[in-house]
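Both complexes below contain chain A, partnered by chain B and then by chain C.
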Partner chain A sequence: MKSRRWLVAVVAPLAAMVFSVGVASLALIAFDIDPLFAFKEMWTFGTSTESLINIANRSVPLYVAAMAVAVGFKMNLFNIGVEGQYLLAALFAAWAGALVALPAVLHVAFILLVAMVVGSGWAWIAGFLKVKRGIHEVISTIMLNFIGFSLSAYLFLNVFRGETEGLIVATGQIPKSGWMPSLNPVLGWFGVTPRRGSELQSFLIIAIALGIGYHLLVKRSRFGFDLRASGINPAAAQASGVDPKRMIIRTMMISGAIAGLVGMSVLLGFFHQYPQDFSRGYGFNGIAVALLGRNHAAGMVFAALLWGFLERSSLILDLRDVPSEIVTIIQGTVVLGVVVAYEVVSRLAERQTVRAAARAAAALESGGAQEAA
Partner chain B sequence: MTAVATRLLPSRRTSRSVLYALSAVLVLAIVVAYTGADELTSRGTASAALRLAIPILMAGLGGLFAERAGVVNIGLEGMMIAGTWFGAWGSWQFGPWWGVALGVAGGAVFGLIHAVATVTFAVDHIVSGVAINILAGGAMRFLSSITYTPETGGSVVQSPGVTKMDTFNTPFVAGGNLFGWKSPDLLGWLEDRDWFFVSDGAGVLRGVTGEVSWLTLLAVALVPLSVFVLWRTAWGLRLRSCGEHPWAAESLGVPVLRMKYYGVLISGGLAGLGGAFIVLVQQGLYREASTAGRGFIGLGALIFGNWMPAGVLNGALLFGFGDSLRFRGAVTVRALLLTIGVGLVALAVWRWRRKRPRAAGVQGALALMVLLGYALLTEVPDQLITATPYLITLLVLAIATQSLRMPAADGARYRKGETG
Partner chain C sequence: MAQVTAAVRWGLELAVELQGITKRYPGVVANDEVDLAVVPGEVHAVVGENGAGKSTLMKILYGMVHADQGTIRVNGQPKRFRSSKDAIAAGIGMVHQHFKLADNLTVLENVVLGSEPTKGLQLDFAGGATRIRSLASTYGLAIDPDTTVEQLSVGERQRVEILKVLYRGARIIILDEPTAVLVPQEVDDLFASLEDLKGEGVTVIFISHKLDEVLKVADHITVMRGGRTVGTVTPAETDGRRLAEMMIGAELPSPQTAESTVTDVVVISVRDLNVISADERSVCTDVSFDIHKGEIVGVAGVEGNGQGPLVDALLGISPHRVDGRIELVGERIDHWPARRRREAGVGLIPEDRQRQGLLLPSPLWENAALGHQTSEPFVSGLWINVKGSKARTRHLISDFGVKTPGTDVPATALSGGNQQKLVVGREILADPKVLIAAQPTRGIDVGAQATVWEKLKEVRKAGMAILLISADLEELIGLSDTLYVIFRGRFVARLDPATVTPEILGSHMTGASLGEAV
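The block that comes next holds the complex of A and B.
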């Protein structure tokens, strides 16, 4: 039984991947471009050392964003507002981090804490509105995204803007004690020396720890049990003593706290301040990664890596006269494909289970009849 | 005798909505008189409000057809994005009416995908909708890179300029031409008189009767059409039965799956029409992310309007009005803050007298915040003005009465042959 569930988890995403690559190939063929050439170029470029480091760095915030979304998905709570939550959180964290001077590890911890509190607070609004006023969280989080973009733009230009030189507009720089080191020395132990400017960010370690924490929270804790119960059967969960309103608020806040960490790998490992062009889009892509990874801690790792690979390797395509947007087609179809494929495969598995049970029951019955005779 | 008389008189519902509209104008007139923010009731604001309300209305009506058939459609935004792309492409290639047709078709294609996922494969409606939004954005970007990038003025995020939809002025009330003869502009004349209340009302009416595009007319006509189709035809009854109790509908021989397909397809087409409207009436070209959450605001209008076409229209007009003030500068936004503040105070007093002290307290506190904002923000920053439509949507949904009733089986997974 266990092995079949594992099969479902692997077959569905694979089928979706094959399907989406097929769709993308058709789109390319329709415009007279050889898909094999495009995919080969992507693979060669995407597997160089620098690309692999870049992919790892891209995947980390995507993975964190996916976890933020997935916590909510587990109880059918849709936090579409990760984008706004992490941008606001990164802005506040950058500002607060530049204000204080603390010992190295404490400083980083302080910045992360600020980010989590801000993200959590912004997400709380959506939870509150759902519980008190019955506004569906999809609508409220989307609205809060737009409000958050405006608010962060306003705060950035009028309140948090630091003393910067030249044309760069940014918050003040975080002191060195608040930076996270590069992992390149560790790569050196394995004999890998990437080119200058290509650095593996150490937030990776925190992301891995978060992944383990997420898995334990969902699968091994009381809260996780309530969470999944509320998702599968809210009425039964309530009957067994789970307060749905409290659950919504708590889940939203946990989701927001994780979302707050999304921007931290770039902030602490690369920018060290919040510039006007701070990395965007992780929140929206995180939704896709969560859907693709089926909210599973390990599944989302693969999904985030795939996403990182697609984004990185698409950079070569424009140089080869292939529209790099083909990647967005792959991303879009694979997400839609995987939700459909999962439904189909699990329905097939269900039917097989029913049939197997019926066969076993029939065998048992005929065996019983013989005994009686 | 009495029956005839009552039939000739306007129905209670109509007279009540006229009363609401008049009192809204009255409140605005008072605010205009007090703050001098003439723009609040100018023809420019009213016409912009209508123009901005239409995409929201189309998304809302789109949501209505899907949810009345029991399918939640979060993918409206993506379908609208498809509408903007195909609307621009159609108009660019063949002319504006082709843009409308292709915009509708583009939205409907994504509607079809949503229908296949949710109806045939019983995928969770919200998951499918979210996936559709991602897919639509990516697909349109790919199409832009193929078609628009090589053109002058085009790029991966925008199309070259396209032909916009023609507009007309209504004869007699807004100075339109009648067989080549220029009729008088009565409302315009009244608006220029600066009479309290009368000129305000005339300004609003002048705004919605002058410089109106044919597409706007078509879009507004879809509201009574939806009422007729959904509530006065057997087809509409069947569609709604699928949203209320598909299992009962199935037992009576309604082809539930097919009806759901119709609902979602129409939903996609309407959202696509809203997207085409953004291109053909508002902007004159396709620009990436120009829908800016209108699909979701449309869902807000649907909820605000209690899943009824006329209610959706009200919601869309309200959100469109809030949106239009964005372009009218800080004075107008401040005046709006004052309006909202006073309105909240009135609401709080009413709740207090209805013996609901907690609600009154919450609204009183909100009113205080808004009025404080009015007093403190002598200059409203641009970034916050951009946020007004979203803030208004949230505020309205938070304050509006909660005696709403959505279709009973909205969002339910339905499979043929199962019992509820």
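The block that comes next holds the complex of A and C.
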């Protein structure tokens, strides 16, 4: 039965990928462009050392955002507000990080903590509204995104703004003790020397640790059991002693805390301050990555890497006179395809499991009857 | 089958004739060679316990489910329904227990929804309204087509559902548990409407488990048990008790307990428990009782008389306001959250195992932990103890005879009886101080039933306090040391199971002892 579950996990996304590449190919053919040419260009460009580092750096925040979304999905709680949570968290973390001077590791830890607290607090509002007023979290988190954007814009321009150099508007710079180093020296051990300016961010290590933590939390902890039970059968979970309201608040806050970390790889590994053009969009893309990775710690790694690859490799297309929008088509259809394919494949697999178990039970039953007789 | 021969003798075609209908689900036979014959223009009741196969049979007749074997004839014509659409085309309509109406639309809009009258390209609402008015007056279903559904009472909404079905040309109407949601006055109105429908030649198939109502309204009663039809009778030749016997079956193993094991140590004490819903209706009123160590306290009652709210209140998961005092071994627990009560030793066998007792897609070992996921052997500290959980699950499987290939199969793969044994086993092995057993043997086969009874007797002897809520009178009389009757949320009688008969019990359950009409 284990092997079958693996099969489901692999077959469905593969089928979806094939489907989406097929749709994108049709679109290209319609524009009189050779799809093989386009995909070859993407592959060649997307697998250069610099691209691979860029893909890794893109994937890390996507992966973290996906986990923030997935933890809610596990109990059918839809945190659409990761975008707002991480932007607000990054702004506060950048501001607070620039204010203090601490020893290196502590300084980074402090900034991460601020980000988690802010993300968690912002997400808490949606949980509170759901529990107290029955407002659906999809509505409230979307609204909170807009409030978050406006609030961060206001704070950024009026309160947290640092000394300006020329035209660049940003918060004050975080002292060096609050920077996360590049992993390029490690790459050097393996004989890889990327071009200047291409640096593998070390937040990657924290993301891996988070992934393991996420897996243990969901699959192996008491809290995870309650979480999954609430998602599968809320009535049974309640009868088993789960307080549904507390569960909503706690899950929302955990989701928000993870969301708070989304912007940290870029903040601590690249910008070292919060500029006006701070990276956006990870929160929304994280939803797609979570869907694609089926809320699974390992699945979301692949999904995030795929997403990162598609985004990076699309950069070459415009230079080759291929509309880069085909990547958007692939991204859209692959998510749609995986949702459908997974549903179909898992239904088939479930039917088989049920049948097999029923047969085995029937065999037991007749065997038992013979024994009795 | 008396009426079949009569109908044939009079040269009448049967409105509905089902023969040898069989429907299997993995591990369960929901319908096993079921026959049903319905004479045109009659009210034909189909009664049986939950899980007896009534709803499966009706879903087959309405085209929602396909039978594995058997034939369906409507007005003499053999039919094969691929979907409800085909059934509707054959003149069959169904009114579901849970209404399918759009609250913000008017009666007219709801009725025509899906088969809108048109004049050219335009909707012909005036034509629709005229037809509805004429249908309503013909069948005595008084209703204004222009009011919105949200303004209607439950009884009126049901009338809209019936109108909807008639509007689509149905001459055979299936009513699924139509009285479950109605107050007594509305039940009388519904029965009057049924008479009118009958008068106009409409055939009604009436699904119920309320025997007094069935006796009052039906021309024929078909009893189902364990997926089979037990027989068809007329109200004249039977009574509530004999119907109940047919429903429960005479060949059941006796649940009789041995000598009393009741001690004088009170385990749980409930005083003046009131459960009040948001609209200030009292769903449980002044309930007080004690359960001693080694005692089974039975609660008899027709379903929907406050048993569910009582269980929720005891467990601490009531959506309503709960007043009163609950003490577990001398300690007040009425302000504790559900988890704390569970950990303190309140066990629950829920009345609906699939709704409240199982995580169907999850493996058995996780299901065995459900409700006890904060105590050993299922956890150590903050982490799930997979090894310990699986060991306990294996123990449970062998101890309670759960037929399964292993601890990793999903609960959904098990048959109903085995699912129930899993739930019962899990609660008993957790060794609670008090066990709430709601319908512990509902819808399971005789073998599983015997296992459950045996285990309940065993733990009673070992000193567990058990609250047994059941619709199975024999089970209640056989197992209980003390017996209460719940009627409209109140404990209306306390009876001695040693001397009570199902007849006396039945009259209390229908409120007859309160001087009301049965």
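We adopt the following convention: the second predicted complex is superposed on the first by the 353 of 373 C-alpha atoms of A that agree within 3 Å, B and C clash if a C-alpha of one lies under 4 Å from a C-alpha of the other, contacts with A are read in each partner's own complex, and residues count from 1 in each chain.
By definition in this document, a contact is a pair of C-beta atoms (placed from the backbone, for glycine too) under 8 Å apart; a residue touches a chain by one contact, two chains touch by 3 or more.
Quantities reported herein were computed from a predicted structural model and do not represent experimental measurements.
Engineer: Considering only the touch criterion stated at the top, classify A:Q276 as touching first (chain B), second (chain C), both, or neither.
Structural biologist: After superposition on chain A, A:Q276 lies in contact with neither partner.
Engineer: Using the touch definition from the top, say if A:Q352 reaches chain B (first), chain C (second), both or neither.
Structural biologist: neither
Engineer: With both complexes overlaid on chain A, does A:F225 touch chain B (first), chain C (second), both or neither?
Structural biologist: Touch status of A:F225: second partner only.
Engineer: Just chain B (first), just chain C (second), both, or neither: which does A:E325 touch?
Structural biologist: first
Engineer: Report for A:N233: first if it touches chain B alone, second if chain C alone, otherwise both or neither.
Structural biologist: Only chain C; A:N233 stays clear of chain B.
Engineer: Just chain B (first), just chain C (second), both, or neither: which does A:D243 touch?
Structural biologist: A:D243 contacts chain C only, not chain B.
Engineer: Touch check for A:T47: first (chain B), second (chain C), both, or neither?
Structural biologist: Neither partner.
Engineer: With both structures fitted on chain A, tell me whether chain B or chain C touches more of chain A's residues.
Structural biologist: B
Engineer: Taking the stated contact definition, name every residue in chain A that is touched by chain B in one complex and by chain C in the other, in rising order.
Structural biologist: In chain A, no position sits in both the chain B and chain C interfaces.
Engineer: Hey, which residues of chain B end up touching chain A in the complex?
Structural biologist: Touching chain A: residues 74, 113, 116-117, 121-124, 126-128, 130-132, 134-139, 141-142, 144-146, 149, 156, 292-293, 296-297, 299-300, 303, 381, 383-384, 386-387, 389-391, 393-394, 397-398, 402, 404 of chain B.
Engineer: Flag every residue of chain C that touches chain A in the complex, lowest number first.
Structural biologist: 26-27, 315, 317, 337-343, 348, 350, 355-362, 366, 369-374, 379, 382-384, 386, 401, 403-405, 408-410, 412-415, 418
Engineer: Which chain A residues qualify as touching chain B in the complex?
Structural biologist: Interface residues on the chain A side: 27, 31, 76, 78, 80, 129, 133-136, 138-140, 142-147, 149-151, 153-154, 157-158, 284, 287-288, 291, 323-326, 328-329, 331-333, 335-336, 339-340, 343-344.
Engineer: Which residues of chain A touch chain C in the complex?
Structural biologist: Residues 1-2, 220-226, 228-229, 232-233, 235-236, 238-243, 350, 353-358, 360-362, 364-365, 368 of chain A touch chain C in their complex.
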